[in-house]
Structures are given as structure tokens and as C-alpha cells.
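Some structures are shown below for you to check.
In the two assemblies presented below, chain A is common to both, partnered first by chain B and then by chain C.
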Partner chain A sequence: MTLFRKLWSFAYPGFSFSHFHRVMATRTLSVMPLGNVTLPSAISEALALTLIAQGAEAQIYFSVEHPFIPATYLTGTNSQPSAGYILKYRPPKRYRHNALDAQLTKHRTLSEARILYKLFLAGISVPQLIAVDPRQGLIWMENIDGQSLKSWIWAQETEMEERQVDEGEDAQAQKRVHIIKPVLLAVGSEIAKLHFLETVHGDLTTSNVLLRDSSRVEAITVTFSDKPMVKDPVIIDFGLAQQSTLPEDKAVDLYVLERAFISTHPIHSEEYVEWVLEGYVAGFGRGKKTAMFKVNEIMRKLDAVRLRGRKRSMVG
Partner chain B sequence: MMGGLTLHLPQFPHSSVHIGLYTSVSNAATIRKELLAGNTRYSYAFVDPRGVLSLAHVLAAVYRALTDMQAGTLRTKTLSSEIVFAFGGTMNIAETLRRFGINDNSDSLLVVKVDTDQMERTNSVWNELEGIIQGTSIPVTDENIEKLTDIETIRKNYKIQQGISLANRSEVTKIVTGAIALRGYL
Partner chain C sequence: MPSKQEPATCQQRPTVALGLEGSANKLGVGIIRHFPPPPAGSGQRRRPAEVLANIRHTYITPPGEGFLPRDTANHHRSFVVKLVKDALKTSGLTPHDIDCVCFTKGPGMGAPLQSVAIAARTISLMWNKPLVGVNHCVGHIEMGREITGATNPVVLYVSGGNTQVIAYSHHRYRIFGETLDIAVGNCLDRFARTLQIPNDPSPGYNIELLARKGKHYVELPYTVKGMDVSMSGILAYIDQVAIDILNGNPRYADDEDGGGGGKTIITKEDLCFSLQETIFAMLVEITERAMAHVGSQQVLIVGGVGCNERLQEMMAIMARDRGGQVYATDERFCIDNGIMIAHAGLLAYGTGFKTSLEDSVCTQRFRTDEVYIAWRDD
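== the complex of A and B ==
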């Protein structure tokens, strides 16, 4: 890692890693696409699109404009000002056989769109599905205006550290309970709703949970003694999501999230995971008897997964 | 110029979308007969507004038809009939045209025409429609569309579960937008 950093700063003098991470986390930096993978020209010529994220599988573009509702009519239908739109594009992979590539792109795009729509109908907070083009690997959805859980926690921690001098350890711990805990309880309960519908996310990390700005979190940080306001967590990126009735798969989802907490927020990760799980257990099926049985089973599996890691044992 | 509306979808800036809304229509049966006979003068999407929620709902169907045309996967003979078909949540063409399209007893109509060439012909569309439809043209606004909606028709056509409330229009528009986008893929 240190060698990598040295090489990197050699290649890009003046480049700061922490800055890079912060900017990535707020999802505003446009990353140059690797190679010349670009959107179908009919779309890029018609709309002004900004690349905001790039993964191995897809590119995420931001558009101020809706794909089919002109701006003048948009204000008429929605009372809230629009936060823009997201276009997720799975570019063709040249190293795959054309026929196979087309089939995989179509299959994955549709699978993601179907799950997104199903969850939306079930009242889980996910981005609204606007349009799909399975042949070209395109999904249009609404943009969520807000920080990722990861960068939000970072921001909270940084602020608390800065005040450490005049407040001390105890006050900080109490602040975490008042500010971060309610948000993590809500996150856990949202994941529980998802799992209760026998859907697993497949890539549950602190970057794939966004906090919608509907209820202002500034209110929490300022009014310490008052009842804190909870942000509205929205789960994104269902590219690896699946239907599954197995407690095992749900436990793996939770385990992946736990690992994400440990690697991004190492100091208080134990506390954070505990709160998420508390919200999860409380939110799972809302006290139905069969749900209690299921959630106990998932928690048991989670202990097993912790011991052996995400992958199932291939021995025996 | 009457109440007709001409607009351009952001993703299809070169196509003009003409939308007209008519009430007190007295010759729906004749229009339907000419359509079935394949009269080319009637190359419009004639939609019964009872099954239409909002302008965004109409545009979702137009968008679906245009993207399918671009991909070369039209299921019906013309773009106009494809627009009516695009409203439906199912792949059954006859059933969708019956549910969403013009009926003999339709007393109001929503009409859509898309010009994919860049030719400016806004005037002749409205003139032509005036010759076809015996009714009153009213402005194409969400308020006017809303007055003509039969919300239970929407629930039936899109098979929306009883547990889901249809009180909030923009929420219902989100539901039908998804249904239109995923038609044939679910």
C-alpha cells in the first residue's frame, strides 16, 4: 500500500489521498472513463450528461434533464424541485463474444430494473425507476439528493474530533448516541424490510446507502438536547441483488456491511454495527411470529459467517 | 390555436410530439371504424382519457414507443398504434388497444401524434384533427387530464394491488411509469 502511494504521488505530485476519498465519497468528482467506452451517441448528443462514478460493470451519469419530460412540465407534475436524474450504463465489453455480451448486458440490466421496481412498489426507499433499455444496457432512475452514509459518518466524526478539546470523551460518546445512532437504526430497519421481501442486495456497503436530505440533519448536530431528526436512508445499486429465501444469503449481506464499517470507520465500528443490527432485528417483519423465527436464524448464520468469511467452505 | 400542445422529449429533440385533448366527443364510433378500416388520415394515437393519469403518464408511453422504434422492436404496425400499446402493462396488443384506446362510447379523447422528421407541420395536425373529431378541444394540462381520469380504471389496467393507495397522483404516476418501462420484461 505504501509503495502504491509513493508511486501514485510520484505520478501525480500534489495529489492528496484523503482529499481524493472525500471527493469520491460525496459523488461529485467525474472520473475519466477507462478506455473509450462512451454512451450511445443518440443519447449523449441530446442530453448533457456528467460521468460521476465508474465501476467494473457500469458507468453512472448525472443529468439535470428528465429523459422524457421537458423541464417546463416537470415543475407542474412534481411539487418538489427535482434533484436530477441518474443514467446507469453498462457498456459492451470487447473481450467477450458479442452474442454473449449482449445477453449478459440485457439480463443484468433487466434484473436490476425489476428488483428496483419491485422494491419501490413494496414501499422500500430506493430510487424510482424511470426507464429501461435492456439492449443498450441503460437504466434511468431518479437522483437521490444527499450524502452517502460513509461520508456522512466521516463528517460527523470529524466535527466531533474538532470539538474534542472542550468537550471530552464522554460528551463525544453521548453525541454519537444522539446523532449517529438514530440514523443507523433507520438504516438497519430499511435493510430488514429489504430482506423481509426475500431480496438480498449483494453489495451492501456504507457507500451504497445514501441519506436523503428531506429531514435536515443539520438540525441534529445543532440541537443536541432536543429530539434528533432522522435522515431518510435510501439503498442504491442493485446490480448484484437477487431473490433469495436463504437466511445464509441475508447473513452474508449483513457481514459485508459489517466489513465495510470496519474498514471505513475503524474506531467506532463495533458500536455502529451493533446499532445497525439493533435496527435490523426491530424492523424485521415488525414483530410477526414467523419473522422473529427468521431473524433469529439470520443472526445465528451471521455468527457462522463471521467465523469463516463471506465464501462458503468448499471443504467436505 | 385551440388547446393542443406540441413539445419535444429531451432525449428525442428532433421528434415533435403533438398532444390534443377533446371533450364532448360525439363521433367516437365513426373514428374507431375508420381506424379499423386502416384509413391513413386517422394515423393518430386515440386514447381514452379515463385510463390516463397525467401528462407524465402520456410522455412515458410516447418515450417507450420511440425507444422501441429506435431499437427496431415495434410490436404493432405504426408508431401511433405503438403509443396506445405502450400504455398497457401487458404484451396483449388487442386487449391493450381495447382498454386504453378509443371505444365506441368514448365521450372524451386524448390524441397523440409524433412527427419523427423535422418538418414543422404543427398547424396541419390541429386542422386535420378538427376535421376528424366532433368535440371540444380543451388545453392539455394536468388539471384537465385529472378531471377525466377514472382512478379505478387505472388500478384495473395496471393491476395495482388494493393495499396501495391511489390518492397521491405523482406517486401513482411513478408506479405506472415503472410498469410502462418494464412491460414485457417482468
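== the complex of A and C ==
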């Protein structure tokens, strides 16, 4: 991937483990911990942890088990084992003053956990918060068993390309409408729910949306390769999320996602963005007057943000 | 901005440029010589640029005062002839040896920029040499790369007027993060004004000296927004604390390990220390994000605030923890100077870039990513 694509794919990055494909626990992705930042030994010695992603601010570990919680806690049934746990760790930064570091770690960990839990309670599909230790900078959450939207789209596109010879362009476009569109509509609708609660994500990219293979009722059924598949989008990584009532902030959120589509899925990005926005408006509106007013305002702002870009013109 | 863009000409002989810089309160004149690249496949190493003269004169205002555009322009006008003469004398060259005259096109303060642009035009007409307009930020970056030898670093450009995190991609220096309001140097300078610290040699340096004596950390707002930072709230807050202290209303440190039992009085030094710790931590944080993004291991710090040793130290700790390294220069090249304008201008000139007399206007707004970097191929 070229640098430019990298640059824009995470146009508004936070701690950005986003460019690592989020992978399922069973697949082993070894990321070397940088320098001497490691987990508190009490945790790393007690549990078998796999580092699956490393960003500027946090490290993401996977663990099959949680120290206190029974393995079936998340599924609610005894027959199905849980998909495991994710541990997000903000290591101390040695370059900054201890007091400042402690304050920042505590504040950011808490704020992320609060938002995550609030959204979960509101029924938005985000990982379930399990435990938080703000002083140590630790957040335990459920592991989402599924691939990222980014790699899923890539996989679909590759598969379609391979079949191009015997199917042709039209058939492919049809397939995209058939397979990718429903998922993107659902992604848009999920983002709408998030924004409806006056929460902005701050780092919406196609790697920060996971597709959970799920049996939930509202999940969309997608048929592909004659195998029935159920895809349920889950939004992750709320490290940069914040509460905001401003339409501007939501428009920037959407703009960042749009840039991510353009850089990571350039060929059909226009189509994809259109579908996400279609799902967004639909998810927001639901025929209510105030909601329609809100979403129109956001769309107007989005046009303005597109024109000027995220950055203002620099003075002096 | 129409400028003549000719096919890249491979210079076969050394070229010399005169650079004029005056976007803020420093007037700088520099002369630099570039050597032609070694023939391809010869195995020879590229000869680094040679600094023939690097002269600077700073407009220093009394404590508690900043520099106003009109007075600064007046300063530049009064000194530019002397400085150009001095530069020629130092380099031992005559006007005949100069290939092009480079000047700062922007960004910067309008009046000082204009006065220096007029000087550049005059020299260009007098000596019959082509003009090359240079983006000030690109000048800083290119000079930093030349001096330190960093190949493709993430650049933190911090000065009185600019705060940007920059990475190169596809012939542009792209801005990753920047300040949303005032620049970091501006924040330090204005706080120095509040404390009535001398502006000689520079307010930022005097703050750095005071900060070394500071012990107690005062909690300040910390405003990183994604990749961007905001400084104005911090300044407003710490200004208020400083004014309280100066008015004889002492504040007490609340740190537990200070040993004062809540009775330690916060001093000016403590405030300088806390201000530096806070805003530099913000800068290091956004730089680290940019590094994680582009996967770069190098950081280059340029700009006047880049001289600050505490900033360099913090950046070095961050870079070491990431397995990378920091490149920084000293005050000769960090603080605004003419040589960086000459250097960046000569790089552009080498690719056939010239600024016609009609286009030799300057602009206060000139973003780093507007410049097409024709001289880099990576």
C-alpha cells in the first residue's frame, strides 16, 4: 500500500491499530511489543495473552479467558464457549511527567469505557465492556468473532474479480448490490444510531467496523457462494470518541469514513459511500420530524466539509 | 500561482544561491552551494551542500512586548543591505557567482515578508539573476534533512507561527496534524510577555532556562484532538495563574511528593516547567501517532522551538521506546535563517523552477502541502 493511501485511510487517526487487520483470535498475528512497554506482570504472568495490535497509544491483547469471569458469561449458554476477551492497555509514556501521564491514562481509559458501556446499554452494536481499571489503563471487553469490514470487502472484491471472466461487468455490479450493499446499509444505520445519541466516533474507518457472524434477529442475511452468511456490523475503537451535539462533528465523522473508503477501496468507493449514507439517512430518519431535521443539517455540513477538507486554511 | 516549470535540468556544475528570510522578527541572509550529483553508477557519495554564509539579525523588543508588523518590517528594511553585504563578504563571493536569489514567499507576517521580497526583487534586477520564491516551512524541512541526514522522517515543525506534524508522500509534504489555534512558539512567547521575561536572545529560550529550575507540576488543560492540538486554552489558563501570582495572590502546589504539605508556593519557574511539560507532551503525542501511521522510525524536529532541549529529550525517549531516533539541529538552522531559504530555493531551481518578477508577491497564507516537491523521487 502506498504511503498516500495509508495517510488517508486513517484520515483522523487515534491510537491507530486500525491498519492491522483485526483478526480472529485463532489466527496468530505476532506483533512485537515496542521497546520496554509491557503489561503489568500481575496480568501477563497469570494469563496467556496474545498481542494482536499495537498503536501509538494502546496495545490490544487477546485472551481466551478472563481472570474472574466464567467462559460462558458472554454467550449465556453452557453449550457455546465465549469468543474470548480483548484487553486494551494504555502503557505509561515515559516521556511525559508522571503526574500528567497518570492523569491522562486515567481520564482516557475511563472516558472510553463510559462511552462503550453507554452505547452498549443503548443497544448499539459495540463490544461489551467487561471491566475497567483506569489507573492501570486497562479495559477488558468482549472479543468480536469476525473480520473487519475492510478485509471482508477486499475478500468479496477479489472473489468477484476471479469470476469476472465468466460473469462480466454487469453481473458483478449486480452481485455488489446483492452482497455488499446490505452490509453497508447496516453499517450506515449503525453509525446513525451512534450519532443520534450525540456520540461521535472520531476515527471511523473500514478497519474499525467488524462484521460479526451472528444469529441476532436484526442481522442481515447475505447469500454468497451458496452459503448462507449472517453479517452484523460492530463498531470498535472508541479511543477518540466524544459526546457532541454539533452537526459539524458528525459530518467530520462521515467525511473521515468517506476518505477511508476512497483510500482503501478506491475502485467502487463512490458506490460504497452512497450506500453507507443511504443507510445512515434511513437509520437516522425513521420518519420522525426532528430526526429528519437533524440528518438534513448533518448532510448539509458534510457537503461543506467535503469542499474545504477537514483542515481550515492556515494563517501565518 | 503560475510559475515556470521546465523539465528537470541536471546541473553539471556547482550552483550557488542567495537566500533572504524575513517572515517574522528574524532577518536572515544565507549563501549556499550545491554540487552536482555524482554520475550514476560511479559509487561516489553525494557531496553535501556547503554553507558559505549564514547571517541573522533579530528584531528584539523590550520585555512584555511582542513585535509589531510595521516595526519589524522597518527593522528588516534597515538591515537587509548590510546583511547582504556581510554575507557576500563572509562567503568571499561576488554577485557574479550567484545563480539565483531566493526569498520567502510565505507564510508569515505580511509587512516583514513584503519588505524582504522587495529587497529580493531589487537584487534580482540589479544583478540580473532569476528569483525563486520559497515556502518557509519547506525551507525548514529541507534544511533539517540536509543537516541531519534524515532520509524520510516524520517532521515536527514548531516555531512562533507554525505547529505542524508533516510526512512526505507523493511529491508533497503532507500535514498530518497541526495546531487548531495558536502556534506553540506563540504560546510560549505570549506567556513570556505575561511574566515580563526578556525577549533577548529569545523569549522561548528564557522560558527554557526558568523551566530547568521548576520543580512542581501544576495541572494544566491538555488538548489533543486526534492529530491536532490546541494551545489557546492552556495559555489563557496559565496566564491567569501567573497574573494571580504576580499580583501577590500565591498559589500552592498540590502534589503529594513535593514535601511541602500543601504549603509549597508555586513559582514562575514552576509555571514555565509545567507549561513546557504539558505542551511538549502534546506535541510528542501527535508526533508518535504520525509515526505509527506512516510506519516511520525517524523524527526530525525543525523550527525555533525545536532548539528546546527538553522537547528534544522527550522526543528522544518516545523515539527510543519505538525503536527509532530523533534528528534535531542547533539554533543556527532551527531558528529562522536565510540559508534554509537558499537551500530549498536552490533545490527547486535545480528542477527548473523560477518565479517571474510579476509572480514574486508574497502571501501570509501558504500551506506546506501546496508546494510540489519536484526534487524528491521517493
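A few comments on the model shown:
FYI, the second predicted complex is superposed on the first by the 255 of 316 C-alpha atoms of A that agree within 3 Å, B and C clash if a C-alpha of one lies under 4 Å from a C-alpha of the other, contacts with A are read in each partner's own complex, and residues count from 1 in each chain.
As a convention for this text, a contact is a pair of C-beta atoms (placed from the backbone, for glycine too) under 8 Å apart; a residue touches a chain by one contact, two chains touch by 3 or more.
Remember, predicted model here, so these are calculated numbers, not experimental data.
Contacts of A:Ala99 after superposition on the shared chain: chain C is touched, whereas chain B is not.
Residue contacts after overlaying the shared chain place A:Gly202 against chain C, while chain B stays out of touching range. When both complexes are overlaid on chain A, the residue A:Leu240 reaches chain C alone and has no touch with chain B. When the shared chain is aligned, chain B comes close enough to touch A:Leu121, but chain C does not. In the superposed model, A:Ala56 lies in contact with chain C only, and not with chain B.
Within the complex, the chain A residues that touch chain C are 2-4, 6-7, 10, 12-16, 19, 34-37, 55-57, 93-97, 99-100, 103-104, 202-203, 240, 311, 313-316.
Of all the residues in chain A, the ones that touch chain B in their complex are 42-43, 46-47, 65-71, 73, 76-79, 110, 113-114, 117, 120-121, 128-136. Taken in their complex, chain B has these residues touching chain A: 7-13, 54-56, 59-60, 62-64, 67, 70-71, 73, 141-142, 164, 170, 173-175, 177-179, 181-182, 185-186.
Here chain C touches chain A in the complex through residues 107-109, 161-162, 167-170, 174-176, 178, 183, 217, 219, 222, 226-227, 255, 277-278, 281, 284-285, 288-289, 291-295, 314-315, 317-318, 320-323, 364-367, going by the rule given at the top.
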